[in-house]
Each structure stands twice: as structure tokens, then as C-alpha cells.
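One chain, chain A, appears in both complexes that follow, with chain B as partner in the first and chain C in the second.
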Partner chain A sequence: MTLQFLSDILQNLVSGIAVGSTYGLVGLGVVFLWQSINRINFANISSAMISVYLFYSFYTYVNMPVAIALILSIALVALYGLALRYLIYEPITKRGASKLEFVVATLMLTVLMMSVITVIFGGMPKPFPPIFGESGSFIRIGSITLSTIYLYIFVIAGVLIIFLHMLLRKTLVGKLLRATAQNNEAAQLMGINVNLTTSLAFVLATTIVGIAGILLGPIYFVSLELGGGSIGIKGFASAVMGGLIDPYGAILGGILIGLIENFSTLLISSTYKDIISFVILITVLMLKPNGIFNWTTKKGEAGQA
Partner chain B sequence: MKRKRIYLLLLFLIIFLYPFIDGNAYRLYVMNRAIIHAILVTGIVFLTGFAGQISLGQAGFYAIGAYVSSILSVRLGMPVVFSILIAVLVSLVAGLILSIPSFKLKAFFLSLVTIAFGQVVWVLLLNLDGLTGGANGLFSIPRFHFGSFMFDDAAYFYLLAFFLVLVIYVMYRIKNSYMGRSMYAINNDIIAAETCGINSKRTKIFAFGFASILAGFSGALYAHYEGFLTPEPFVFFESANFVAMAVVGGLHHLAGGVIGGIALTWLPELLRLDIAGFENYYLLFTSLIVILFVVLLPKGLGGLFSELLVRLKERWRGKRGTERETPQVRKREE
Partner chain C sequence: MKKMSRILMIFVTLLLATSLGFAQGQVESAGKGELPDEITIALAAPFTGLGSILGKDISQGANLAVEEINASGGISGSKLKITIYDTKANASVASTVVRKALFEDGVVAIYGPNMSSAVIGVHTMAKDAATPMLVGATSPTFRFTNVGNPYLFRLRADDGVKVAMQIKYAVENLGMKKPAIIYGSTDYCTAALKVAEDAFASYGIDIVAKEQVREGDKDATGQILNMRQAGFDGLIGLTHEPEASIIVTQVKQMGIDVPIIGFSAWGVPSFTDLAGKAAVGVYSVQGFNSSDDDPVVQEFVSRYQDRWGERPSDPAQCYYDGMFVLKAAIEKAGTVEGEALAKALDEVEYMGVQGRMKSDEHHNFTSLSYIAQFDGSEWKIIDKLQ
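And then the complex of A and B:
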């Protein structure tokens, strides 16, 4: 009995951290764009849906090898980021529109992408190719069982986060990105090509969310749920936990949301898990608008988006 | 002044005659839906365009209005007029509560709170089966009636048109009142407004309250028109759609809600062409056209119309040979 309970807890811990870190990756997409252009991209989560559907069609219809299908779909999602910049962001900014127009345009872009997918693939969810092992398979450690899919996600998301940390902290690219985020004009004066770093931020944002989408694929299937459901909002929530500034805060926030969600499913009920995470989001926003995992901003700076 | 009255009279005449000219029941139905949307979107124009507070959860209020009114009339047998009144009150209370976060949060953070609110309402609609009927929905909701007079589609059209005109009139009065001006002031520069002695909290509460009244009211009107309710029309994307209507119509324009609501309700219907193999494409093209509108016309259709009107006026005056008026004179004439 107690062992069963322990196994449940461990299982939920691993899957909560795994799913939560993908929420955090979705949140990173929000953070990167907010940092570089000071706008919130409501079409953020659509990259996840696009990458999953691209991967599905490359793998199932074209019969490509897994690696090539993955690389190709992620590359196309990166291009989607550039399209987002040059077809939506730049024209709107040129006409001197306010932030709300960007919000509406990106929201409608989400709707557009969902209807494109519906037209091509139909509305029914499709099974995700079993590249992370079969959905029913488990690993037994002693008397504790863990589902392999979550272990895969856990490991891949962890590697990705470490890679991003290296990119941001140890390379010149990361330095350029951080400098532009801190002060756009000063960066320009220092000879940084801000045009390039902006494009880079767009590409990085869509790519990360695209990878997160593929990680979420085995859980949510190849479905429209990935393009507009509550996952996008959870991504925003994790970004907010880090005050929209701290990338690590976004990851930690995502993990917190994933854990809360899993344990409220385990202890309360699965129907209300979304409500619980939304109520927590509202509470955090009300009490700590700077985010709870934020080590970057000084007091009284955020919440003024 | 005189000419403006004639235009208004013409507008009312068109509204009055519409059901007679167009006997098509389907088009009348779409028109009624469009006016219901217009009432709600007018609230968004008020809240976002005038007071500068973003809400992406208006579908939540819409749902509260619709469900509260139908639950009261179906399960408790309450007369429709009273159930609508109570529904509007409940929606108002929710709006007042939701205005509290706006004291502290701006733009994106506020929109997140409103999104979360809309999602919470939606999950509740889906899961409180006993009350809302869950995913199956609520059925046999009584149609709007007054005493023994049942409103058929055409009568409902007049009723809705009356409410819309009333809403626009009230909004026009508010726009030029103390409250309206303080809304503009806090939208422009909240610190400067506060320095001038404007109570920003009160203004925000007022704006949220007014918008939620309109959203709840249109929800109740929708429920008693349609006769049944399912959770689908109240998803998050419907909130997004409402905001899109406001932006397409013109956020800073008094008639923006009306133009946007009617235009974007008709657009998908007009695109619903019966060509084999293209049945699913209408949503795709609707969202594409909306994106184009937002990207290319940030002032919205309302802004475009008033610009065209000014230009036409100038050209007309130029033809008659009179001199162009100075802006002050024109302002006084209005």
C-alpha cells in the first residue's frame, strides 16, 4: 500500500518535472521575444503544433528517417519565426500600431494556423509516432514503475536546457542577445547588429517551442490541442513566474506548474487541474507581479508591461 | 447638424426596413447574431479603446450572462425578463471583481488574468454537469417574451436594434462626460491623470463594469434567442475573436464595435461557399483577412470610414467653390 503510494508520488514527480519543463520551454519562447522586441507573441504555441504536424507528415507520409524528419521540421519552424517577424511584426510596427494590434494579429495567426491544419489533416487527433518508446511501456526500478515516455522527455528537456544555458552564458551569441535585451540602443551603439539579434530571437523562440511541441507530442498526440489549448496559457504562466525576464525562472515556473498539475490530479481531481493552475497564476500575478522565480529584475520594474 | 440628423434618420429607416426588404430567414438570423456581437464588442471598444484596459476574457462574461439567465429560466421557471436582469447583475459582479487586478497590472499581465478568468469559467461550464448540462448543453431555453408577446426573428431584430442604438447612445453620452474624459486621461497617461485628481481605480472599475454588463447582456440575449446552449461558443478563441472585431471595427471609434461586430460576423458567412472540397476553408480565409486588416489598417474600418468621410466632404466643398473651413469652425458645427 505505502509502496504503491510511493511509486505514485515518484511517478508524478518525474512526469510533473518532465511535462513542466516543456511548459517552461514554451515559456522561454515568450521570454525571448519579450526581451528582444517588448511584445508578447500569442502565436507562440502555434510553433509547437506546426513542428509536431510537420514531423508527423515527414515521418509517416514521406517515410523519412527520424533524425532527418526532426531536423527538417525544426528548421521549418525556425523559418516560421522569420516569417512571423517580416510578415506580422515589421509591417505592424511600421504603421505605428500599438501593442494590442500585435496581440490580435498573433492571436489570429494562431487561429489561421489551426484552420490550415484542420483543412490539411482534419480535426481528429493522430497518434504520435512511437519514437520515444511505446506509450504503454514502463521501467521498473525495484518495485517502483516509471513510464518511459516521461523519462525520455525528462532527459531531452534537461539536455536542451543545459544547451540553452551554455548558449546564453558561454558564447558570444548569448552575450549579444543578452546585451540587446538589456538595452537595445546601447547595444546598437556598441556595434551590435540589433537587426540580426532580433531575427535570432524570433528564430530561437519558435525553435525552442517547436522542440517542446515534439516533446509534448506523445502526451497530447498530434492534435490541435497543441496549437491553442491550455498549454499555451501554461507557457505564459511559466514565463510570468520568471517575471518575463529570467529564462531559468521560466523553466522553474514551468516545472512548478507541471508539479502542481500532476499532484492536484493525484490528490484532488483531474477535471479541475487547469483551474488550480490558473488560480495559482492569478494569485502570483496579484501578489508578486515581478514573478516568484526572478533573480534578474529589480523591485518595482515588472508588472508594467 | 441638420444633415447629420438626416443621416441618422436614414440609418434608423434602414434598420427598420431591413426585415421587410430581406425576407431570408437565414440572413435575418445572422444579422441578429451580428447585432448581439456588436453589443458585446461595443463594450470592448469602451474598455480597451477608451480606457486602455485589455481583456481577453470577454467570452467568460458572455458565458455567465447566457448560462445564468438560462439556468434561472429553465430550472427555476423565472420570467425571462427577470432572469436576464439577474444574469446581467451576476456578470457585473464578476466584472467588478476582475477589475481589481487592473489596479496593479497592465497590458499583457492583465490580459493573462482575463484569459485565466475565461478559462476558469469555461472549465466550470464543462464540468458542473448538474447545473450547466456539461458538454451536452442546456436545452429548451424559453425564447424572449414580454407578457404573452413572443418575439419571432423579425421582432427580435427590432428589439436588438433598439438595444444597440440605446447602448451607442449611452456610450456617446459617457464619452463626453466626466467619466469618459477620465477614461481617455488614464489611457493616455495614468500618472498625469492621477495628478490631476482623477481617481484611476474608480475609472477602471467603471470601465470593467460597463463592459461586463454589455457582455453579460448580450450573452443572455443570445441564450434566449438560440434556445439551447453548449460550451463551444464560449471558448478562449471566441474572446480573441471579440477583440479582433473591436480592432477591425476601430478601437477608438464610437461605432467601432458595431462595424467590427457586424463585419466579422458576416465575413465567415459570406465565405461559406458551397464549392465541393472547399467547405472547411472559410475559417482559414476569415482569419487571414482579419490578419490583413489588423496589419494593414491599424485604425480599423471605423477610422477608415471617418477618414473617407472627411475627404469626401472636403472634395464636395471644394467643388462648390467654398473655402476650406478651419478645424475650429468645423468642430463647433458638429
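And then the complex of A and C:
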């Protein structure tokens, strides 16, 4: 094994982890919503697309300072979460809807959001404002290079994961959220303010993905691709691979997918990369249907239905 | 009895009305030698979707031409009118909108789709509807010599010509002896790959690596590492713009310094806007270059810039000239009837922005292409070939 080959493996590893962490970042929103209200939001990625377009508009058309534009964009995405709750979740749940109906409704929401963005902004992708350093900037350690945006992603994703993990597992609020998710009626009987926890769940879920969107902007550009491309699906795949239990699982699931993709390309063939990745993912799920990073000790808790 | 006469009255009124309408139409057309008052044209292009979103450029070029034509009296007094159809950069959506344009909306001619993969799926509809279809798409797959569709015309040199030129420059001027090719997955890319393979074979040069990227992929690390392992000394780019920008960015990041030459998708603003600094030094084969100092080109550039506030790109000029080509054909045929119009398109000659346009044996209206290099703000023309 030549030094160059080892160096290539390492470079491929780093890039795979980098791109995989973007998938996992999107998956965080999926896991969090599942853990807090027991629903799968198929419009998960739309929060990312909306935050990116909002930020782009504030920065480019209104000339807002970066910090204000960021805060305002994320705040509006948080409101989007509330709108999601009151305009979609509540009405259909009142009429007896369960998980499947919510999936369908949010699937349609994705289509709606993409159309709205298209009407307002048109279809051409625009470059993301260079707030993370100029585009194309990168760091080099030895012979390994990495775009600097990924460093921001690692750090902020890390913070988000720790925050979410602590929130869900170590705080009272987290306990309330998980209790509501497990059994809504029992939670109410126990005196939990289900109204509050539900709103909190939606707001946090969209906010997380909204933040993810800003980080993904330099990579996916300000484009419809963010909302309609494969990143959304891969976000789900990451969450599922991770077992839908814990935010750590989503990130690790995403990294696994990124690594599979990159190493299929390097070691086998770039033409068959997608097929190989798909086959491996299906196999993993067949062998471990509850996700590979399933830390439950109790059999009943996994991905609570 | 009363009911019967009422029905009879309504029936007769209807009959009169339609026959009057008929007569009206007859009189009007007879006056202009069979040209309708308004000539409707469909423009099917990608305005949204994932991939090459060139709809805005295409419609700007086409609309500028229509405005100029209508302002100077139209075609023998008849005005041109464009209806826009969004193909969403998707071949099945293109199928649906083209079907609507041709069979429901009954247009006189259709421009686009602009994506080769969409054209392949819909061009037979043009034949069925006996309606001319003029496209800027460059895949050699649907050359007249390959598919024999008398209604399909191309307003550009196809990739059989352009990619051959790209490889010629790569070998003879950039001195590539161990080229690597990176290509996308749409027909536009894979057809170009075939042309590139044949071209290198004719020089007796082996391609050391052939890597594929899928549209939407954001990481080409594996592909670039493979090419480096194979010891490549030059890169031939045959992908769409978003992937192109990722590739050049990552090649530069990894400190790989080899000449890079891309095909037509690499020579448009959508690529340089997204790639930024990484695009500097990249070569491309182009169908149009707004820096061409030919006075006719510059005159067009300034008119376009006055109208739209930006310089024209490759597809803008393509469809601009295309509109005038149709005008010349309609005038030559004296009618908008499909079969006669197609025949006229086959024979007509028009002096466009880039010079003579006449349909050749492949039904390409021109074989002009440029080799250019991006210097950070514009594409400097190195060579211009007919």
C-alpha cells in the first residue's frame, strides 16, 4: 500500500464524513419531531430551503447586516413551525388523522413550498452569500483538504446534537416531550401541558432544519434543489439508519451513508455508486430494522409506534 | 310546435354564426396570402427544476427577436406571439407540455425543449403534428441523419462537432496525453462521452479514467481521487453546470494543476457564477461568446443589454437568431402550413448574428463554435471555427 493510496483513503474518509454530516444534520429534524410528537414530517427539508431563501433575500435585497438577517430568517422559520402545527397538524388530528395522514399532508406541503419559492424567486440557482468565508475557501492538513464550510457544519452540528440530546434525555422538558409522544392522553392526564410541548416540538424541529439550511447553503446554493433534491431523502435515510432514537444516531447514520457513497466510488465504480449505496442500505436495514445505532436497553422503546 | 320552432331557430342561428366566422377567417387569410393575423409560437424551456435552468436566457433571446420583428411590421403584417411552457428540466414534464402545445394549442412552430434528453422523447410528436421544432440542444443522437425527422431542426452546432473540437484542442494545443473524462448521466453527457471516446481513439490516445457524477451530487472526491491515481494530465468535463462547479472547486482544492476543458454547459454564466474563482483558467467550447469583436455580434450584444440589462449568453443568441430563421422560412413558404414550412426551413438561408445560417445534412443551422478560456470576469476567445 503506497503512501499516496493511504492518503487518498484518508481524504476520501474526510470528504465522506463531511458530506455525510450534511445528511445527518437534516436527519436531526426528523428524529427530533419523531421523538417529540411521534410524527414524520415529509416537509422536513422545506425549512432549510425557506431559511436559505429568506436569508438570501434579506441579505441581498434589503441589505440587512448578516447577524440580523440570520436571526430574522431563523425566527421566521420557527414561526413556520407554529404555522405547520396550527394549519396542518391540528386540523387533521382533530378529524382523527394519524401518522399516515400527516405524512401525506406534509408531502403536499413540500410541493406547495417549492411552488411558492418558484413563483417568487424563479428557478435559477443563486450563489449563497459568502458569510462563511469566500466560496471555495478550504483548509489543508498535510495532503488532506476540506472546504471550510464543513468545519462550520461539524462545529454547529456538534452543538446542536449535544443540545438536543441533553434536551431530550436530561431535562424535564425533554421528558415531557417524550412522554407526550409516547402517549398523548396519558400525558394530559398526568398534567402535562400538551399544548405547550406540541408547539415547542414543531418550533424546535423547523428551527433546527432552518439552521441546517444556512449551513447547507454554500454547498447546495440558493436553489430549489435544497427543497426537492436528494438531500431531503438522504436526511430521512440518515434518521432511519440511526434508529430514530437519538440525535447522535441521525448524524452517525448520515456519516455512514456519506462514507458508503464515497467509498463505492473510490473502490468500485462511480457509475454504480447509487446502486451500490442503495443495496448496502437496504441490506443494513434488513439486518437491523430498528436502525444500526439502537441504544435501547428495553425492547419496547425502539422507534415507539 | 312552439318548442320545435324554438329549437329550429337556435339551430339556424348557430349555423349562421359559425359559417359567418368561417367566412370571416377566409377573408382575412386570403388577404395576407394565407397567413393568420397572429402567428402563435410555443417556447418550451426549463424555467425550474434540477439541472440546466436556461429558460430565462432562452425566453429573453426569443422575446427580443419577437419584439424586433413585430415592431418592424411582423411577418407580412402578421404578428408573432410566444406562449411559454416550463419543461422543469424534466423529460416527462417536457413530454406533457409539448403534447399540449402541439396538439391542443395548435402552434405554428415550437422552440425547444432545450435539454437533449427531453428532445429525444418528444421530437416524433413534431412529426405527428406536422409542426416544425427548433432546438438548441446539442446531442448528436437526434441528428437528421440519425432519426430522419423532417420537422426537427437544430439552431446550433451539435456536440458531434463541438466535442470533437474540444478534444482536438485538448490534444493539439493543451498537449493532453493521459486524459481523464468526467461525465454526467443525462443523454447530453453520455452522447458527448461517446464522441470524446471516438475522438481520442482517432489520435491513438488512451483515456486513463472515466468517472461519472450524478446530477445533484455535491461531492466528487472519490472521482477525482480515482483520476489522480490513474495519473491524469488533463480533464475533459462533460457534465451539467452545478456538478461542473463542484468538480473544478474540488480539483483546485486538492492542489491538482491540470488543464481543464469543458463542453458547452461549462461555458455559460450558470457555471461561472456558481464556481466563482475556481473557474479561472478553465477552457470551454462554446456556441456563442459575447466578447466576439465582430461588429454584428457586438451590435446584438448592446441591443440585448439595453433591453434586458445583462449580456446575452449562448442560449439567448441561439433562440434569438432562431426566431428570425423562422421568419425567413415563413416568408419563403408564404404559409404557416406545417409541411411547407418544414420544407422552407430545410432550404432557407439567413444571415444571423454569427453569420450564415443554413440547414445542413444533419439539420443543423450552423457549425460555428469557439474555444475560450475564463479569466475571472469573461471568456477570452482563443479560436473560432466554422
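Throughout what follows, the second predicted complex is superposed on the first by the 229 of 305 C-alpha atoms of A that agree within 3 Å, B and C clash if a C-alpha of one lies under 4 Å from a C-alpha of the other, contacts with A are read in each partner's own complex, and residues count from 1 in each chain.
The working rule: contacts are C-beta pairs under 8 Å (C-beta built on N, C-alpha and C of every residue); 3 or more make two chains touch, one makes a residue touch a chain.
Predicted model, so just to flag it, every value in this text is computed and none were measured.
In the overlay built on the shared chain, the residue A:T271 is in contact with chain B and with chain C. Using the contact criterion defined above for the overlaid structures, shared-chain residue A:Q4 touches chain C, although it does not reach chain B.
Of the two partner chains placed by the overlay, only chain B lies in contact with A:M286; chain C stays clear of it.
In the superposed model, A:S230 makes contact with both chain B and chain C. Shared-chain residue A:T118: touches chain B and chain C both.
Residue contacts after overlaying the shared chain place A:I40 against chain B, while chain C stays out of touching range. Within the superposed three-chain model, A:K99 lies in touch with chain B and out of touch with chain C [touch as defined at top]. In the superposition on chain A, the residues of chain A touched by chain B in one structure and by chain C in the other are 118, 228, 230, 271, 274. Touching chain A in their complex are the following residues of chain C: 46-50, 53, 55-56, 86, 88, 211-214, 216, 218-219, 221-223, 225-226, 228-229, 242, 249, 252-255, 270, 273-278.
Interface residues of chain B, counted against chain A in their complex, comprise 48, 54, 56, 100-101, 104-109, 111-113, 115-117, 119-120, 123-124, 127, 236-237, 240-241, 243-244, 247, 251, 280-281, 283-284, 287-288, 290-291, 294-296, 298. Within the complex formed with chain B, the chain A residues making contact are 40, 42, 87-88, 91-92, 95-101, 103-105, 107-112, 115-116, 118-119, 228, 230, 233, 236-237, 240, 244, 271-272, 274-275, 278-279, 281-282, 285-286, 289, 303-305.
By the touch criterion stated above, chain A contacts chain C in their complex at residues 4-5, 8, 11-12, 15-16, 18-19, 22, 118, 122-127, 134-136, 138, 140, 143, 145, 147, 219-221, 224-225, 228-230, 258, 261-266, 270-271, 273-274.
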